[in-house]
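Please find the structures below.
What follows is chain A paired twice: with chain B in the first complex and chain C in the second.
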Partner chain A sequence: MLFAISKRLLMLVPVLIGITMISFLLLQIMPGDPASRAMGTRASPEELQAMRELWGLGKPLWVQYLYFLRDCLTGSFGVSIFHKQPIIDLVAERLPFTLAIVGYSTVIALLIALPFAILAAANRGRMLDNVVRQIFVVVVAMPPFWLCYVLILWLALRMGWFATGGVGDGFLANIGRLFLPSLVVGLSTAALIQQSLRAALIDTMKADYIDTARAKGLRGHEVFLRHILPNSLISTISIIGVRVSWIIGGTVVVEKIFSVPGLGSLLIDAIVSRDLPVIRGLTVFFAIMVVIVNLITDICYALADPRVRLE
Partner chain B sequence: MSLLSVRDLVTEFQSPSGTARAVDGVSFDVNPGEIFGIVGESGCGKSATCRSILRLFGGASAQVASGQIMLKETGDLARMHERELAQVRGRDVAFIFQDPLSALNPTMRIGKQIGEVIRRHRKASRAEAREAALQLLRDVHVTSPERRLDAYPHELSGGLRQRVVIAMALALRPRLIIADEPTTALDVTVQDQILRLLKERRDSLGTSIILVTHDLGVVSQICDRMAVMYAGRVVETGAVRDVLDAPSHPYTQALLAALPGQVSRDSQLIPIKGAPPSLIDPPAGCRFAPRCALAQPQCAIGAAPGLHSRPAAAEGHFDACILNEVSHAAA
Partner chain C sequence: MPILRKLLRTPAGAIGLLMLAVTLAATLMTPILSPYDPLALDFAAAMQPPSTAHWFGTDNFGRDIFTRILAGAVFDLRLALVCVFGPMIMGVMIGLVAGFYGGIVDAALMRLTDIVWAFPFYVLILAIVGVLGPSEANLYIAFFIVNWIGYARIVRGETLLVSRLEFIEATRVLRFGKPRVMLRHILPNVVTPAVVYSMSDVVLTVQAVAAMSFFGLGVQPPAPEWGLLIVESIDYMREAPWMAIFPGLAIVWIGIAFSLLGEGLATALKPKG
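On to the complex of A and B.
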């Protein structure tokens, strides 16, 4: 197992080199001069030139790339033009909020999806199954920004149950603060999980070993809890993995509306202020996260299903 | 008195193309300590008959529509509530499925899967159940049983898996074991060992066994009595020697005639000409008539013929041929 994991980590190296190259080159075609952007319009040409020198903007492309690669390898991922801080520090400040939304929304998604998947599978092909399906179609169809505002208007302003946005200090404060943004993200996850879990449950119910379990004399709930549910849940691991990679960089709208200082809003701010190093550094960081989440997903798979081996 | 007495059993499967009467008026008896063979072409309702006894229909929407399944000292299984029937399953009647790989939960260790049936019906701690599972694995001659307890099904060979399934079936010393083609999915060399294991059990504990098989050789070797099924009905039943030596139904005769030479080991059923009818809308009269070399006009009229005995037949030997019935009435 440990050997397989280290092998997988080694295989990351060429992938990461490719990613650094692509993210580096892509941003070369971005219009606008980062130095004048950062200094403002009142900077003198000499000052601008000094800035360009400092960041190596005047050097040949391959030298700039090597600088970037060095920054990635030393772990700083470069220095932000706008914040004048190593990018890794900016990431470290915001990652906890993003990870909190990842975890929180996944828990919410499971709590919502589980009962509805079971309900739908137990009533497959019947009215109830269809109603549940339609509900989730509507949930997926709702645009997140709209859903955010509806929740703010209704649960935060009208009922006063939650804050309209921002984050608090400490774990407990943030359970309330991050509930609405996590709910918005979690609802789409729930729809995905519900659909795949329903299919997996129906599949597993037909398996021969379920007949074996019943032939032992196990009662309905015993068969369900010991055999059907655990084996069906295995198939949702990969869905959750894909969703988690997506959420890490893809909750821009939700973070913005609820003023959560996460990675998504860091990226948007960097794009708006043409903070090239941050965009580049974040792209590489997101890619690394996707690969790590993938690896964790595969490890979970191998742990849950003894037939699966980590390659 | 017989241990299991099935009377006029009707089982229906609902499917998009209609309702199939997979079992249509089946009756047979299984005596204590007897191995009862069921043979017939594939799709004739052997599995459906077995599954009806314990009401195990997998994902299919099927139900026992009518008939009785009397288990001695227990009652009519067909009328029991699911909860009561769950008490009978595994404890009084055990089931062995065809494919031991798919019959075992791929994510659960062998020891736990065996222990589960023990703990369901008996008060036993985890450790006690494990100890019992170990003994069961020894009983079915599994090599290095301690190691197998913690193995997963995919880590075992096909023969070992079927031994595990059998160990599970034997766990509570049931009075009846239903084995639905227990060796079809296995290598020829392993088939013998598995069948010997079942026979051993019957010989030592007097357990009754219903054995579904494609192999007339197996029937002639280890079964005491047998039933031949065709299109959801029993067309001939009796002691194995009587049925195989003096088959009285044309279908049984055709099955035996299709075998090369004597009934021996490996006498797999060779398909006879034509295909069995659909069970959704079966033909009137005798269902074998369209394929029967001896068929007369009256064979294809009226209700499906029931079982009766020919004048010269041995005791307990019945068949469902209209022509035999007519000759019997004339005699």
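On to the complex of A and C.
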């Protein structure tokens, strides 16, 4: 197992190098001189010159890339022009909020998807199955940023159940504060989990060992809770793994609207203020997050299902 | 059109097509359906709730929201369709080449998709348009860079399977040229899953295009693009909620239509047996 994991980690090296290359190329497609675009019109010639030297502009492209790679490897990911801080410090302040929404939304997604998947699988091919499917068609069709406003309008302003945005102090306060943003991200994940879980439940119900379990005298709900459900949930792990890039991307939109000071808000602010090093550093960081979560879900999947081995 | 007939026989496909046909007809007949101008200001009629005169109400400048949504359909449908089907053609071709030639071409292309796949969709699109500057053309560039990946992966996998089948072996015996084998014999057999996938892609892309306007990185005001209509309504959310609700429902409507169409296509295109 340890050997397999370290092999997987080694295979990640070329992917990580590729990620830094794409992020590096991102700023190369920009028209004009990066230094003056980044610093704006108010910068003095000395400041511009310092900027060019810091980034190695004027040197060959591959040297500029090595400068950037050095920043990533030393862990700073570059220095923000606007905040005048290493990007990793900005990330460290905001990462907990983004991770909280990613985790919280996944829990919400599971809680929503589970009953609907069971309901649909138990009534497969009948009216109820169809109704559940159409409910999720509507859920998926709702644009997340619009849903944010509808929820703010309805649950926060009209009913007064939730705050309209921001974050609170401590764990308990944030369970309430982060509920609406996590719900918006979680709903679209729920649709996907419901679909795959329904299929997995139906497959598992047909398996021979379920007949065996019934034959040895287990009651219906015992068979369901001890055999069918756990075995079906395993497939959900890999679905979350596939979906994680989308979940993390979804946090960007909701964070901005609910004024959550996470990585997504940082990215949008960097785009508005043209803080190019932050845009570049953050794209690398977001991709690394996806790669790490993917790795974790792969490992969980292998641990949960002995038939799957990490290659 | 045997496919169309099969599609119309599935309930989901028939409803989806009907919804799209209604949308298209309404867009084309905007001047007949509504006496208002989507851009002209009329402060006397500002922020009126939905009524028989203004079905979806009016905005803070007195513009009729129903008219603006119909006028906006042109923007959103054009953006979504170009941003899905352009990259789709690109991705299908790349997947076809990778799966058919195999070896180093395949390895290189698949590593590239692995790497681009690692970036969250919204992060990459936002970053590309953020760097290039907000405009419709740059929006297209961003989606072309990002959206082909899914199609390349799907088609490559299918091509690997089909290439092993006997009728492709036969084309080798007949000494057909490689482009001919790929386009005439493999492509028709691998494109179905890509087409089904493209329908759910349209659903997400309509939302993404609107979200880009929301961040100020897409279509620029005063265009009646649906995302912009929602952004402009935010300051009036308490007094005039209809300003935000109806443009959002327009996006939901299109999303449901394409979801159903995808469901219908999946059934209609499923091989028998």
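Keep in mind that, in the parts below, the second predicted complex is superposed on the first by the 279 of 311 C-alpha atoms of A that agree within 3 Å, B and C clash if a C-alpha of one lies under 4 Å from a C-alpha of the other, contacts with A are read in each partner's own complex, and residues count from 1 in each chain.
The rule is short, and it goes like this: a residue touches a chain if its C-beta (ideal position, glycine included) is under 8 Å from a C-beta of that chain, and two chains touch if they have at least 3 such contacts.
None of the values given here were measured: they were computed from a predicted structure.
Superposition of the two structures on chain A shows chain C fitting alongside chain B with no clash. In the superposition on chain A, contact of A:Leu276 is made with chain C only, not with chain B. In the superposition on chain A, A:Leu61 makes contact with neither chain B nor chain C.
In the superposition on chain A, contact of A:Pro306 is made with chain B only, not with chain C. After overlaying the two complexes on the shared chain, residue contacts for A:Leu25 are found with neither chain B nor chain C. Shared-chain residue A:Pro230: touches chain B; no touch with chain C.
Of the two partner chains, chain B is the only one that A:Arg219 touches; chain C does not reach it. Once the two structures are superposed, chain B and chain C can be ranked by residues of chain A touched, with C on top. Legend: residue contacts after superposition of the two complexes on their common chain; A:Leu9 is shown touching neither chain B nor chain C.
Of all Cα pairs linking chain B with chain C in the superposition, the shortest spans 13 Å.
Comparing the two interfaces of chain A, the one with chain B and the one with chain C have no residue in common. Per the touch definition, chain B reaches chain A in the complex via residues 54, 56, 58-59, 82-83, 86-91, 94-95, 97, 99, 102-108, 116-117, 120-121, 152, 154, 165, 168.
Across the complex, chain C meets chain A through its residues 111-112, 114-124, 126-128, 130-132, 200, 203, 206-207, 210-211, 214-217, 227, 230, 234, 237-238, 241, 244-245, 247-248, 251-256, 259-260, 263. In the complex of the two chains, the chain A residues touching chain C come out as 14-15, 18-19, 21-22, 26-27, 29-31, 137-138, 140-147, 149-150, 152-153, 157, 245-246, 248-250, 252-253, 256, 267-268, 270-272, 276, 279-280, 282-283, 286-287, 290-291, 294.
Those residues of chain A lying in contact with chain B across their complex are 202, 205-220, 222, 226-227, 230-231, 234, 304-307.
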